[in-house]
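Next come two complexes built around chain A: one with chain B, the other with chain C.
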Partner chain A sequence: MYNIAMVSDFFYPNMGGVEGHLYQLSLMLTQRGHKVIIITHSYGNRTGVRYLTNGLKVYYVPHMVIYSEATLPTIYGFFPIFRNIILRERINIVHGHQAFSSLCHEAILHARTMGMRVCFTDHSLFGFADASSILMNKVLKFTLSDIDHVICVSNTSKENTVLRAALTPQMVSVIPNAVVASQFKPDPSAQDKNFITIVVASRLVYRKGMDLLVAVIPRICKTEPKVRFIIGGDGPKRIDLEQMREKNLLHDRVEFLGSVMHHEVHSVLTKGHIFLNTSLTEAFCIGMVEAACCGLLVVSTKVGGVPEVLPRHMIIFSKPEEEDLVNAVLKAIKMIRLKEAVPTKFHDEIKEMYSWSNVAERTEKVYDKIWKLKTPPLMERLRRYYGCGIWAGKIFCIVMAVDYLFWRFLEWLFPTDEIDIAPAFPYQKYRKMFQMADEDDENS
Partner chain B sequence: MGTQFTFTSTSVMSNLDPTITSVKKSQFYFKILADNARVYTIVSDQSFFGFLDLIYVFAFAAIAGLTNRTPISYGMCITLLIIWLWTKFNIVKQESILSIRDIGIQVETVYINGRTVSRFIERSKISDIIINEGITMLQVKFYMAIIVEGQDRMVVVFQHLLPKYSILIQVYRGTRSIIFNESEESVENTEGFQSI
Partner chain C sequence: MVEITITYCPFDGYQFSEEDTKCKFCDFDRRRAWNLLKNSSSKSEKKPPWRKLLWIKQDYPDDHVDDTFLDELQKNVNVRAYDYWTVVMESTVISQHISSIVIFIAVFIDLFWGRLSAQNLIISGTVLTIIGYIFWDKSISKTDPAYEYKRWKTAKGAVLFFVTLLGLSPILKTLTKDTSSDTIWALTVILFLANMLFHDYGSENRTNIKFPGSLSTNAAIFASVLLASRLEVNSHVFGLMLFAVEWFALFPIFRRYTKSLSAKFNVALTCILFILATTLFLYISNVIAIIYVLGIIFITFACPYWLIWIQKYKNEIHGPWDEARPKLQPPNE
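Take a look at the complex of A and B:
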């Protein structure tokens, strides 16, 4: 049994694919007998140590957020508190999530310095040409130069990560996301009988293809008078969508829900017949799985890892182009009308295909694999970093050497034997107590 | 007469700021005053002069010796002196918690200059006594706190000397046994998770 620290900038109360993945995976690993804690940055007043359902312990570390819930990269500023948490919780595996998270990159560097087993899960696809991608890829190359294993959420994501970080493919595993099927049951009574409802649920940003959506909606509404749209989510592109609604006088047919809480997603999805995903780049898209699970026919752009997510009878693909997307949506509308597709039957199939217990089991195998590996000595680590580029390699070596010296300083300043060991949450006792309570409810 | 026990432990001093912490030696005492009262005391072994004072001396000497005799340099010297004196007189020498059955709890802090700050919380206002984890920029520390009814802020026990968890758990068990009439064995079985 392992003591695992999941580290990422993205966690509850923020909601999204990474956050959901972290929470569900941690819960399942706890059920399998491992000790799991989560380290993230503070969200407003939510600072300090919190316990979530089933005794999942979360450390909300006071850290400055710079953009989109990602923290300011300080390289060494996070080390003292990170070391303290790792020692007091007796952690032996550090698992970082998401390439955009500077907290994750720092944790991997520091954990390696402390001689721990480290793995990383990449949840996104990146380009190679634009400035931000070049910078991000260099940071990723630095982080992944000295790592035990990498997990990706799709085969496309794996190819992308292998290319970006120049990794050997054997070091990278593919473990997809999953869905809690019991939370996404179809409800045909919630659907409008007079209209075919198309649901869009995503962040309203450029990457999610909102410009494409702006072009597509008026054309579909013009062709099909008995079609309406429900758009859930918020973001900078909402203004463009609202302008499109104003311009085309579609107030009665395009509804904006704004930001949707995670527990409300099910009630939004069940109102629809078709789920539309217009992403320009996507590693996995858990929203599509949730929609299919709720009994919606999915129409999506054929990008990134999307083709790997659902079986062919559940999804209609299109190119990320206006004309092709309109045709794909019209085809889906026709299929719903003629009952060529029966999406309400999708739920049982999805339940068999995607489960968090399976994800946890596969992740556990990765942990077993990295546990057998030897921790590389200091010189080997320096050699790995040195190979990261003519100038970058030397900078990375300096960063790593300073990190090592800082660790030694912390060992002197805050000796290990003076750090209190945190008592383990009595998970089995907690579970037994709830089982007894459930039995009492059934008896009464 | 009450029974007295003495322990030596390491605790963390926090004088100015929760992010500035230095490890100091401290003594832990507890007295059982008959059956219905207990007093737990942490005494710091921190001396009046320490390693940080050398830095102050160097800074003072640098300003006094290397700068011209101007009002600014005099002002800087006086400011340094005031800060140094302020930190010295805010060194906590001793912290204690006295719990008396059916009456309440008195939390007391004694500073190095002899100044004493006490706070009494009557039994009817004590909602709960907890051990929690506090997070700073450098460390995660256990602390014991009293939740007072009608107040949004907890009263932290041993706020400045922050003893180790092993000491806190003893104080926690003893205090709960007095205030809430719990047997120490039942408190002991909770493993720090009171609700379970």
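Take a look at the complex of A and C:
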């Protein structure tokens, strides 16, 4: 049984794919008998230590946020408190999430200095051409040049990460995301009988293909009078969408919901017959799986990892082109109308395909594997960083060497034996009490 | 797959008839044995090949690396092979622009030292502009008949501009009186560099420019104002400013136009500008003239070769992870 620390900038109260992944995976690992804590940065006045459902302990570390909940990279600023948490909780595996998170990169570096087993999960895809991705790829190469194992959410994501960080592909596992099937049950009574409803639920930004959506909606509304759209989510492209609605007088056909809370997603999805995803890049797209789980037929652009996610009878692919997308949506409408596809049956199939317990089991296998690996000596680590590039290699070596010295200094200033050990949350006891309480409720 | 049939009982050698499911003597279950055999034979066959799918459970470890790994990787799909002489021809755009800046500076120095009279500059500038305009007018009215009525507007604008500039000249002359000349020279150099860097060298497809040409034109005009303010006589100031507007705002349009017209014109124009700049500077400073000549030779002949040589280090990677470019249809009005 391992003591695992999940580190990422992105966690509740922020909401999204990574946050859900962290939470569900941690719960499942706890159920399997491991001890899991989560380290993230503070959100507003949510600082310090909090407990979530089933005794999941979350450390909200005070840290400055610079851009969309990613923290300011300080390299060493996070080390003292990180070391303290790791020692208090007797952590032996550190698991970082998401390449955008500087907290995760720092944690990986420090954990390695402290001789821990480290793995990393990559949740997104990156190009190679623009300046921001070149910088990100360099940082990623730095952190991943000394790591035990990497997990990606799809095979396309694996290919991408292997290229970006120059890893050996054998070091990278593919473990997809999953859904809590019980939260996404189909509900045919919520659907509007007179209309075929198309649901769009994503952030309204360029990367999610909102320009395509703007072009496609008027054309579909024109050819199919009995179709309406529900658009959930918010973002800069909302203005474009609203302008499109004004211009084409589609106020009764296109409905905007604004940003949708996570617990409301189900009620939004069940209103629809068809789920439309127009993303231009996507590593996994959990939204599609949730929609199929709710009994919606999915129409999606064929980008990134999307073709790997759903079987052919649940999804209709289209090129990221206006004409092709219109045809795909019209085909889906026809299939629903003629009952060629029975999406309500999707739920049981999805339940078999994607479950968090399966994800946890597979992640555990990764932990088993890295547990058997030897932690490399300092010299080997320096050698690995040195190979990162002519200039970058030397800079990385300096960064790492300073990190090591800083660690020795911390060891001297706050000796390990003076740090109190936090009592573990009695999960088994808690669960037993919970079950007893449930039984009492049923009896009375 | 080989069809397997059990014709004899393995225990007592009873020969099965077609419909028999069990051995008559020892109750040997023929169908079950057949099923077992079939399964074992299919298991001994190769595993089903790995598929790039997430929704099926496959009999491979999560870190399995298949032979198809990175199959969709594409390298250098957008790379064009350059032809040396085409690149040389394209480089004339840059040498023309550098030459025009050098000529402008030479004109200023001549004015400053009093070797060039303002009258000559104003007259020759105006005459050349009018010739250029007629040239432009002739060709544009061929392609765009709606252009006709704009002529009057252009003439009105030109006169208005002429008069305004004339009125402003005394003000421009004293604009930077309190500033030391060194500051002015340094600022001018920076501004001309900005003009050179941000100039719109592209000839077609001007829909997607990050820095509009106006930034470059503004830098040049600002530099000209600074230089003009160093001159002593009103007419000199007026002459230089008029020349600056013609040279930096109108002349690039003409150059772009000649380039689209024919390659010969373009080469001729480049040579004229080159000779003009060299001769003008030979009177001012031999060293600068030589540096200029060497620079132009480097840009025109060495740089294209360099570009082609460096192409072999180009390494572009494309794959399914790239952000797709949405293809939209042009809006039909």
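The rule we apply is simple: the second predicted complex is superposed on the first by the 444 of 444 C-alpha atoms of A that agree within 3 Å, B and C clash if a C-alpha of one lies under 4 Å from a C-alpha of the other, contacts with A are read in each partner's own complex, and residues count from 1 in each chain.
The definition used in the following text is that a contact is a pair of C-beta atoms (placed from the backbone, for glycine too) under 8 Å apart; a residue touches a chain by one contact, two chains touch by 3 or more.
In this text, all values refer to a predicted model and were calculated from it rather than measured experimentally.
Partners chain B and chain C, once the complexes are superposed on chain A, both fit on it without clashing. When the shared chain is aligned, chain C comes close enough to touch A:Tyr354, but chain B does not. Judged by the touch definition given at the top, the superposed model places A:Phe126 against chain C, while chain B stays out of reach. With both structures placed on the common chain, the touch criterion links A:Gly387 to neither chain B nor chain C. Of the two partner chains placed by the overlay, only chain B lies in contact with A:Asp420; chain C stays clear of it.
Contact with chain B, but none with chain C, is seen for A:Pro80 once the two complexes are overlaid on the shared chain.
More residues of chain A are in touch with C than with the other of chain B and chain C.
Closest approach of chain B to chain C, taken over C-alpha atoms in the A-based superposition, is 36 Å.
Contact residues of chain A toward chain B in the complex are 47-49, 59-62, 77, 80-81, 84-85, 88, 414-415, 418-426, 429-430, 433.
Contacts from chain B toward chain A in the complex involve residues 10, 23, 132-142, 164-166, 191-193, 196.
Considering their complex, residues 52-56, 61-63, 65, 69-70, 72-73, 316-317, 319-329 of chain C touch chain A. Taken in their complex, chain A has these residues touching chain C: 125-129, 149, 154-157, 159-160, 162-163, 169-176, 207, 209, 211-212, 215, 280-281, 283-284, 301, 303-305, 307-311, 319-323, 353-354, 362, 365-366.
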